[in-house]
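What follows is a pair of complexes built around chain A, which joins chain B in one and chain C in the other.
== the complex of A and B ==
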């Protein structure tokens, strides 16, 4: 993965030479690069950013270990993360038992709370599934928060400006949201493959542009601004009208629980993506690109094309999450409509070490925190403790492979010394 | 309304907004030159803003507040440095989770504490503060602001010393640095600690010296503006200073323009830092002075 010379120009198969003038502009062939002095042929500089990113992502992937050991490590570190949050609660004079009890009660305590939990988990899972795709392709897109915002904008344009029946509106809104999210993500991909800009940086900066774009659209003369025919605060506040009832996402009654449509969609997406990455030919090529860009180049995988596609796909999923938020949770566009769901979804995918199945589990845990957090206020416990718990979970879940590697190193050193 | 008073209004509104950006920006500049893309600068600023507010209100002294703020910044940097440059956890994930963690912790603690922050008076520099246009903006400020001068001098001086070169080696070519005997990860942790210290001053300035209160999530994305400033500044010291000044003015204009009587989209002004950073990246492309190993983990092979 970190072989020197990984960034040498990839061999190209003839069929993929000039297709898309923008996307196929290889960084190493752009005229800008030719004027510039070549990078010094030493050490770290020799490795291309892709190879290094592969290494960076490799550090997230778990090594080959027995399944039971992995499950045990996962559960241990999950509890460790929750424990950190409970210790904070205990230190400030709240009973950890009460906190845990509320979190369980509010998430899986009744069929109604189950519905809340699934509603909260749906957009998180959609974002995480998208993030899994681009991370597996070695594209470190961290701009999901902005892509969610764009998705909400796209869905908003359909919901508030297209006159159609309920189901048609919902389908069109999801399509518009996915398009908007994918387009926003593609901007970052274009900057990367066209201009050699680090995708971490460009996707991050685009998050804050998306925020301002949304605010501009829903305030003053913006096309999504609530002019006063909405329910509340029409006229001056920066917000859109309420989503009409026909465009609110329905629920499906399964085993006594009202399962929100968005969660069903997200679950289907997770299963499809897991299958795609594990078994489909294109998924296999995507993984090669992520794990070893040099090999990908030699066997004729175009990094700009496949990489951009992966980034666009992740943006589309994040956009769909934006639609799910607008039509299933917030029912209105306001400046903070994405409410950090993009960040959380990204962290879920990374804490799950880019595994779609684990992402489902973690999205449910995070959803449980959101739903259960709602009950904490009743006992006088600030709801923000769930943010502490989720962040601690993420950091804790990153630890197992690192600690394992450290143990392995020590074992090797001992056997050498012995 | 004439030009002089308008300029004075704009500058007086902008300078206090530049100050936290400058403190954190100088720290972030050092961290990024050492090769660590520090996303947790937002968390550092927010955590230190709260700690400073808490320290100042508990002790009744702004100085204690400032020290608490610096400690909090150091604490976040310590956690980040050890997780990502000792345990080699992914630095972006660590940074983002730390931001969430700090936001959660400060909100949680805010709802369980009452803050009563003592006021601190501004220093009026004799003679200079009587200058037209710039006098009031630059020379009537809380004393913390003038810490920028020694800080700038330290960074400028260290750049040419061995430590500075080693830091840059850790950012540009960790492999070669490692071969010449530099402990790359230690240098990166130290750079992060320095960034934590500077962001701590910036955060303390925000809560104790500028607004005299702490509100939930009060940094409001300033950490990300700082990152944009380092990028727009082209990873050069004078560039970063200039970028912080420009972004501070962009924020100040949001306050000052309505007062003067101009209507400019506040969203456009708020988006300026990110737009400028993106455009400069797109124009410069691969020619930028970005540290070559920025954001890449380094594990010495032995």
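== the complex of A and C ==
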């Protein structure tokens, strides 16, 4: 008897659960109320455990509470996640102390480690910031992995085929990468608004297409293929030449740490996007579209136009991440160049509840895991343990609000039945 | 012979409000029994109890003389009671026979199911192609699929909820032919829920009229004047204009003077150019008729009420004026200017403000603050160089909260935390503060308490007095009668007729609402 077609969009993050703490006694949504009896009086009690629960949840809701509270909650759940991950490591016979020590040493143990961590965090953060934009606009583009790949391709064309000075090459490469990523994402948006194809599906499938495209371009007679320059055995592998030294991303020396340029860019992007979403007129419109497309329509927001723009923007950021990978980490295009950074970046944005500031913290954590994980192998600990810890962190960050929401729903159901 | 169905003393409350109170309902074997009533009369609740979807607090159900305890729809089906709901429960991506199988039991046997479908459609003249994809079928064909699904079980009691609401005249006629065959040949009894008076008169052997959760009369429609049926359905307790004025404490003089001509309104009805003019608006939504050549005009300072049984296009009229429904035919003009309806924000730019029926989903944004919600429509004027000024936004919000007496602790409070009445006020404040030429309110008082209702009504009168053309879409006839200068009755997507308030009486309204031209 539920209204047919009243499905919720996919990938709803928990804070968007359409529950209503105050109006919990509203029976107009209960399934048997077709014959519209007048709803009971509303309002009144805004205290009690239900409201407390709502408040607790509200503190996790993106943008609902001051940043300090969000950071505190983040740190709490982060340590919880690391703890769980270490316990899991211990259960499989590895000393938690050694694991933790290696992770620490490899990420923030020295200034060199810090540089590694920031290098790893930069593309993750760029992807996450883009994902925040489109998720806030209610467009569930999940194809960042493909858009990263396209960004790497775009940057590759500039790096290997444009003859310019270093800085110019780097600027052009980022621009080319952003354009390529945006264009790839826009395909999914066009499919959605033109043909009604679910953007979750199309953006996902475009990931695999992007991989094929990359492989074609770096193999055989592809324009990005490495001809080998006469080196023995060269010219056969599916890979590009190495990035010339002039196009390698420089670092900036800050407080004894060589901070990679890509990370500075990503950080600036995160701050700008957070400000844009909170204060700019266009940012408001974006959020309105994401929160309630029906209302957006009545105030003159065109979902196809603004939605496509948001998707393209997220693609552009993912593309820029591709450039950062090529010129800052891999220095070469090969079939796995995106190395799941698109997926991880998306995960960061979702686990951060589409909050740009929290995304920065989470990107650093992910970066630390990547950098620190590199040391584990030396002590005979499988690097996979890092993935387990990362997963535990994500679960710890996502679980509490989900659990709270579930408890709250149960309470509501009880109070309606009573 | 024992009646096919007897429901005795059925009582059911929802949150303390009686949906059915001490209802006695009886259907004879082999008859088509009409069940008439407005929204909220208790028809659906009664039938949901019969189908086992709702448990009554009191009362007994007897089927063919046997007491029956119907705990869920499966029990109902086993006892031979089936229902075709107003909204079909078909899966569009499956074929007809697959949909039929889904509602049955046991093993999936395609050939047997197809044979059964063909046999039933042959016997009752229900043309259905078992292999067709349900999503490709018209609404009428989908209904036939639902009917076939029910009839395969050879039910002894079939309930149809507003079956003709979505059908063409031709389709309705063949449905009734089929129903007659069903009762004559198979001795099945049919309960026909409808508010279409002509239909009940034409098909039903007997009819029960419900109002406010009680049975108000039992009639033989063929021998009862339609006007009397209408009166039973609407009731006699509609407030007259004078009573209304007294009841709400308004100065009776201008209200009483209204029919005579220009009272407190700047432009008297009749002489001025209408502010809003809808001509021949026709639209479909997902294959069903939404609006059907609807004509409506409102002048400045006038309150026009749109009455009608729910589901007759009210929501589409409201969507049209919110700019979210595009027309296949016809046009909407505001101050003589054609509005490109269907484009986002088109009607708002033309000066139409809408307080939508479902404020939670289409009126406001629950996860944004009260201030944001109040500023929603005017963000541009609050921004400079593309940046929204928080100071301006706040001062606007504070002003509106003060002016509209919205109970909030802070304008930064999330919209979600407000009561329904206050949410409604926020939406109203936003729409009215934009200085609209036309103000549309759809079911504005639904779910509000008495005080909030009185306040809202007062604001609507003030808006009209200030020269706004007000359109009130409501299924609450009392509200319509209290506020409207003119009442337009909507029926199946068109305006069935218009009445000045002075000439509106329950009988005329009832006839129009039942699809009969007054």
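By definition in this document, the second predicted complex is superposed on the first by the 328 of 418 C-alpha atoms of A that agree within 3 Å, B and C clash if a C-alpha of one lies under 4 Å from a C-alpha of the other, contacts with A are read in each partner's own complex, and residues count from 1 in each chain.
Simple rule for what comes next: contacts are C-beta pairs under 8 Å (C-beta built on N, C-alpha and C of every residue); 3 or more make two chains touch, one makes a residue touch a chain.
Worth saying up front: this structure is predicted, and the values here are computed from it rather than measured.
**Student:** Thinking of the overlay built on chain A, is A:285 touched by chain B (first), by chain C (second), by both, or by neither?
**Tutor:** Only chain C is touched by A:285; chain B is not.
**Student:** With both structures placed on chain A, which of the two partners, chain B or chain C, ends up touching more residues of chain A?
**Tutor:** B
**Student:** First (chain B), second (chain C), both or neither: which does A:299 touch?
**Tutor:** After superposition on chain A, A:299 lies in contact with chain C alone.
**Student:** Counting only touches as set out at the top, which of chain B and chain C does A:83 meet: first, second, both, neither?
**Tutor:** The answer is neither, since A:83 touches no partner chain.
**Student:** In the superposed arrangement, does A:204 touch chain B (first), chain C (second), both or neither?
**Tutor:** Touch status of A:204: first partner only.
**Student:** Do chain B and chain C land on any of the same chain A residues, and which?
**Tutor:** Chain A residues touching both partners: 27, 32-33, 35-36, 39-40, 42-44.
**Student:** Using the touch definition from the top, list the residues of chain A that touch chain B in their complex.
**Tutor:** For this pair, the touching residues of chain A are 27, 30, 32-33, 35-36, 39-40, 42-45, 49, 52-53, 55-56, 59-60, 88, 92, 140, 142, 191, 195-198, 200-202, 204-209, 212-213, 215-216, 219, 340, 343-344, 346-347, 350-351, 382, 384-388, 390-392, 394-395, 398-399, 402-403, 406.
**Student:** What residues of chain C sit close enough to touch chain A in their complex?
**Tutor:** Residues 14-19, 39-45, 48, 53-54, 85, 87-89, 310, 322-324, 343-349, 354, 356, 360-368, 372, 376-377, 379-380, 383, 386-388, 390, 414, 416-422, 446-447, 449 of chain C touch chain A in their complex.
**Student:** Write out the stretch or stretches of chain A touching chain C in their complex.
**Tutor:** For chain A paired with chain C, touching residues are 1, 3-4, 15-16, 20-23, 25-28, 32-44, 46, 54, 58, 61, 64, 279-282, 284-285, 287-288, 291-292, 294-303.
**Student:** Mind pulling up the chain B residues that touch chain A in the complex?
**Tutor:** 37, 39, 83, 87-90, 92-94, 96-98, 100-101, 103-105, 107-109, 111-112, 172-176, 179, 221, 224, 227-228, 231, 265, 267-268, 270-271, 273-275, 277-278, 281-282, 285-287, 290, 292-298
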